[in-house]
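Take a look at the following structure, please.
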Amino acid sequence: MTLPGTARLPGLADRLATVRAFTERLCDPLEAEDHVVQSMPEASPAKWHLAHTTWFFETFVLAKGRPGFRPYREGWSHLFNSYYVAAGPRHARSERGLLSRPTVAEVLAYRSAVSDQVQELLRSPQGERAGVAEAAELGLHHEQQHQELLLTDLQHLLSRNPLEPVYASRRLPGPTGSTPQGWIERPGGIVLIGHEGAGFAFDNEGPPHRAFLEPFGIASRPVSAGEFASFIEDGGYDRAELWLSDGFTAAVQGGWRAPPYWRSHDGAWTRFSLHGRIAVDPGAPVTGVSYYEADAYARWVGARLPTETEWESVARDAPVTGQFVEDGLLVAGPTSGDAPLFGAAWVWTASPYVAYPGFRPAAGAVGEYNGKFMVNQMVLRGGSCFSSREHLRATYRNFFPPHSRWQVTGIRLARQ
Amino acid sequence: MTLPGTARLPGLADRLATVRAFTERLCDPLEAEDHVVQSMPEASPAKWHLAHTTWFFETFVLAKGRPGFRPYREGWSHLFNSYYVAAGPRHARSERGLLSRPTVAEVLAYRSAVSDQVQELLRSPQGERAGVAEAAELGLHHEQQHQELLLTDLQHLLSRNPLEPVYASRRLPGPTGSTPQGWIERPGGIVLIGHEGAGFAFDNEGPPHRAFLEPFGIASRPVSAGEFASFIEDGGYDRAELWLSDGFTAAVQGGWRAPPYWRSHDGAWTRFSLHGRIAVDPGAPVTGVSYYEADAYARWVGARLPTETEWESVARDAPVTGQFVEDGLLVAGPTSGDAPLFGAAWVWTASPYVAYPGFRPAAGAVGEYNGKFMVNQMVLRGGSCFSSREHLRATYRNFFPPHSRWQVTGIRLARQ
Amino acid sequence: MTLPGTARLPGLADRLATVRAFTERLCDPLEAEDHVVQSMPEASPAKWHLAHTTWFFETFVLAKGRPGFRPYREGWSHLFNSYYVAAGPRHARSERGLLSRPTVAEVLAYRSAVSDQVQELLRSPQGERAGVAEAAELGLHHEQQHQELLLTDLQHLLSRNPLEPVYASRRLPGPTGSTPQGWIERPGGIVLIGHEGAGFAFDNEGPPHRAFLEPFGIASRPVSAGEFASFIEDGGYDRAELWLSDGFTAAVQGGWRAPPYWRSHDGAWTRFSLHGRIAVDPGAPVTGVSYYEADAYARWVGARLPTETEWESVARDAPVTGQFVEDGLLVAGPTSGDAPLFGAAWVWTASPYVAYPGFRPAAGAVGEYNGKFMVNQMVLRGGSCFSSREHLRATYRNFFPPHSRWQVTGIRLARQ
Amino acid sequence: MTLPGTARLPGLADRLATVRAFTERLCDPLEAEDHVVQSMPEASPAKWHLAHTTWFFETFVLAKGRPGFRPYREGWSHLFNSYYVAAGPRHARSERGLLSRPTVAEVLAYRSAVSDQVQELLRSPQGERAGVAEAAELGLHHEQQHQELLLTDLQHLLSRNPLEPVYASRRLPGPTGSTPQGWIERPGGIVLIGHEGAGFAFDNEGPPHRAFLEPFGIASRPVSAGEFASFIEDGGYDRAELWLSDGFTAAVQGGWRAPPYWRSHDGAWTRFSLHGRIAVDPGAPVTGVSYYEADAYARWVGARLPTETEWESVARDAPVTGQFVEDGLLVAGPTSGDAPLFGAAWVWTASPYVAYPGFRPAAGAVGEYNGKFMVNQMVLRGGSCFSSREHLRATYRNFFPPHSRWQVTGIRLARQ
């Protein structure tokens, strides 16, 4: 994480208030019952997201900055800790759905109390203590990550209910035609990769370093749902030669026949979404696919997925424009024209998630943050329509295991 | 099920109103969040119990008795059906905890609407239709079964929360001394077993038939927690020669070192209960043990478990007295004197659950009720402090798999 | 086990020599490679059967009877022990197939050495020591049990090989017509059950005791393969209402569509056997079915399975005639006329395997033999075409879990 | 795969004869029984290795080169195929241990027949047909891979037998002192990576391409067993902060406390090997560790693992010297002086196994060879004392999942 030389605490406090309030706003449409359930081990209940992000501020900001700090409730730290070493024992991830207590109301009171104390701290001289501003800034971005997870976890939960409840009733834009995909060609050579400079970044985005690229092209827009439907119709899910071995095994064992949430009705595709079940818009980016499906699709069209280095070298100078969660429309819109590299859908890269040359985790408990996950995951880039605009940047490295299918994940092709 | 020749519908309607209201009263101390969670595949959320018992009346009473019947909500029947054949497809048992919707409030409204219609039906001429009274009577007893399951499932759920929430704060009676156990001796011979006559019984309690018993003795009271603690201290959980082979495997794989919910603090035993964590009362019956533990304990003391025939032959003439859920105290009290055969704790018998000679399941969907479970289960008798008094009788056959440990199950010894 | 007052040791030695040699004869058609593989956790390699039965004589006969006894090889006792307590630690059952050593030749040498020593012991004064003759007699019957298991385990192993190797090439008799099934009616009342008197019996066959039976009928012959084929054609495997709940789950999860080893070719049924793949003889008893299938079939025809008490009361006075392994033909022959109660196929009874009233396991390690398995199993009666004639008797209680499908298990109906 | 412009078939035939004979020589110490067992799903029986490598020549060489080709036996192709698409259905990998037939003798006859035909083909005009020489060359290297697997699989099998059988009795060299580890420093910059030129290489070693390296150092020798023992003594297996998250989970769930095959006797380490149980030589390279252990060890000493690019850039100009399987000593010897980069132990690199820029799989069934495994694996470099010298080269990319612990895998450190 890199911070400006002078931490501007009141500005940080204001941004923090906005981000914290936005988390709660995302839960507005939920009933108490919706906050409790863990629909699979990889997902967490909304209540847990609300509490865990608060625990983060309590543990890494208040405990550091407030003299005589005492936790809000004895025992809660154990429940809402996701860190297994430095910050004490943690409750098993797969058992987060067993916690009917504390209630949603109690968790919201916890949020409010901690938010108030953090605001007070950041506006007081103690806020100048070493590490406080850095931890608060980190907590802000950590909370934005959990905002996206809250939505994807919720979408998964609601999808498992045969009643298919609606999170947000919105009038959706009609389908639009898809633009033909072109290629952005780049000459390769030595490129500079990774974060440097003044703004915030996670530790895994550095250190900045050089890499060598052969000439390559990257697609002008993501793969559309209509294009992916053609892959299905061509028997894509049955043609083992298109798939990685582990991928085909996952597809067979999981009974994959289409992206998650898709269903076919009389030859037309629908998909479950936070707006309930809606028609698949053929011109919108395909989302929800695993790395295995993205890779198989790319092989089917004779292309490949971009490396994260290729993607970043293209995105480096691009503005962070696109569709984001603040825009209030949670469905990725049509891929018209040359679609921006940000928003809409995270794209799977061909790059496994590993440390950059010279990488050192941040010291202390927050150092566990990213480094310990650097195996068995693939890097995703760009952000989605469930991300906040200000959370994204060209050097941002998201990562998930290659079989993951519940995030807003799509495909952008590359070629040599 | 046997019903009196003349169905007395208004009396039935009154009893039904009482039973339905009692279910809701059991949920009074719960938060909305507590109604949603399924803490293991064998358990169900409180909300599911509330809805499923209502579905039963809707499907087997209203659909039979009301002209032009239409279900309360399309799609709910699928969610709250536990019957896999005759009454349509059902939602997978292990996924009951995924249903955050309908909400508790919606389920209570469903209960209220169906209860009203059943009351109206039973007090109208349509209530005389064939099968209506029988189904309503069955629904009443079915609901009483679920009242007990609701409490045991809830106890399990709360026990999985490190905060150990309290369902009911009560002042509990202090521990009392345990009375020495004596033996009730019986000469054996041909005994009459099974239900006959006018009152209600489940189909598995009949037909009445003869059985032959060798002379035997049955203990004057259940095994106490203090006695079971001695078994633990004697290394009972480590001595394979005391156990059935499957039982020892279950104990080792499950890490069993004491009854479920027990924990040792500085040499003193406590246990989790609906009253929170409390001291184990050495004079009270041990509860929560599996058949395997009951069987191993019996072998340890050189006795055995009674057969269900032995138990019933003794209980036949005994009054249904003891501790029951209506008494408002959910902890089984001390085993003073010759303890009654009913209430306190279900006792594991040595009898696998099989059909009586000449058994025929009731016709129609409700016929699936008991017969299809007649394998891989052991019979329990007597009822517990979580049962309703009027739900119990000498011929009542409860049954659970031998590894089950979350019901209020205890031990009463027998000998030849 | 009950033995005659005077142990007739030379006679026992002769019988033992015959039985031990027969085990080896059963392995004659095998290659070394066939002796090694464990095709599922419930089955054991032929080599293990050869060694384990030898270990039994070494541990319970030689160690008892021979002064200065020392085991044949250090460490082998651990490998070939199936008893988990009294006779020391044992090698995990599911890992028996990991033992490529000792080789078959080494195990046969072990057999030979131990057999010689047992012969010598039984013909010497030490053979008169307490317990020696009893243990040797028990070892003989134990070995006969393993002869049958050796064949069923081998049949299972060869069936898993796509090449379908043939164990024994024999000319099989052609199919014969099936005789209509009649009923043997019995009036019920008090019957005497269990073994008493001079001959050998396992501990679980006693003590002899009285039981009460209602009037019943038992089928004059087993259910034939042709009759079972009609059940299949009538959709029997898809009709949940015919099945126990656990049974239907097992059938769906296991993909059961016919008895194990059956396959349909152009509308005709074949089955894998020790003779390779052969046509199903419609007039021969159906074999290989689980308790669940037997129970579902009985419900389909409106009958039920007999209790073990019913079966024994009928078999008590019947001669032990039928088809047995010594006859050299390993396929159960046609069910012509009133088929004998013994041989052909074990029949599933409706009785779970439990202790008889007053049962006490034999003292010492051999006491673990039967009692510890008295849960989660169903009793089978009568013996099969893989059993030895002299191994069988009316009181003999075989037992397997209700889902077991690799023994020679069939169906004989009963009715009230 | 790259082959010389003119395929020198007689030379190839000679090399092939040598390699095929060596496979059989590796099986000389085995009993028939040792060839059959599959000790875990990842391993294969020796018999399967013997047959599968033969199937490869039959399917990709003889079928291509011999007019009127017919397989040696119908049905065997199905059994010995490891390729799931282009070459037809295959027998499930996890069921290879179920095949007691064909026997070892039958498989050796199959080997001999196919070897003879391949020799004949390569020395005949048909050998000039397109693709024949390439496939034969590929088959040779494929067979060398399986030679190493045969030994590692066998070592695993024998280790699971409590008798700890000895594969090869050899006098082993005594322990020698360990040399202090130094660093080979490199300045980085643009390096050329991947295979080019005349010799054989697998498809995944190309295409040759440029990569950029920051300055780095690589250790002068592998980590020794004594050094790894210090990690254990320092609590390395219990210190979560040293481990990747997935790695620590694997270590806890697998009960890892030391490298596989290691055991502590009175404070001294021994390990199981193909020579039986032997003392751990503290000066020899540690072997058998997973990527997770290698990574944790590197973190413990404040270093890291090298990337495959770093390793290859150093190895590029190094001679292929070291300890290899032909030397007849199957234990990696002491790490004296600056140890060669080849032989002794494969070293885990920090590089996940992915395609090189511009990678295209070879056409046809053999194209499935490497590309489809390019996910969830880590690259290993250098070869081991179980590898053949002529099988290795600087561009060779071996790969295994990060939890794998049965190959001859060790650690060589790197630093920035």
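Labels A, B, C and D are assigned to the chains in the order they are written; within every chain, residues are numbered from 1.
Simple rule for what comes next: a residue touches a chain if its C-beta (ideal position, glycine included) is under 8 Å from a C-beta of that chain, and two chains touch if they have at least 3 such contacts.
All figures in this text were calculated on a predicted structure; none of them were measured in a lab.
The minimum number of touch steps separating chain A from chain C is 2.
As a whole-number value, the distance joining the C-alpha centres of chain A and chain B reads 46 Å.
The mean-CA centres of chain B and chain D are about 59 angstrom from one another, to the nearest whole unit. Centroid to centroid, with C-alpha atoms defining each point, chain A and chain D lie 38 Å apart.
Listed for chain D are no residues, as none touches two or more other chains. The touch graph of the protein chains shown is a ring with every node of degree two. Annotation, chain-chain contacts: A-B, A-D, B-C, C-D (touch as defined at the top).
Within the complex formed with chain A, the chain B residues making contact are 31-37, 39, 47, 75, 78-79, 91, 95, 97-104, 157-158, 160-163, 165.
Partner chain D is touched in their complex by these residues of chain A: 84-86, 190, 209-214, 216, 240-241, 243-248, 291-292, 295, 304, 350-352, 354-355, 357-358, 368, 372-376, 402, 416.
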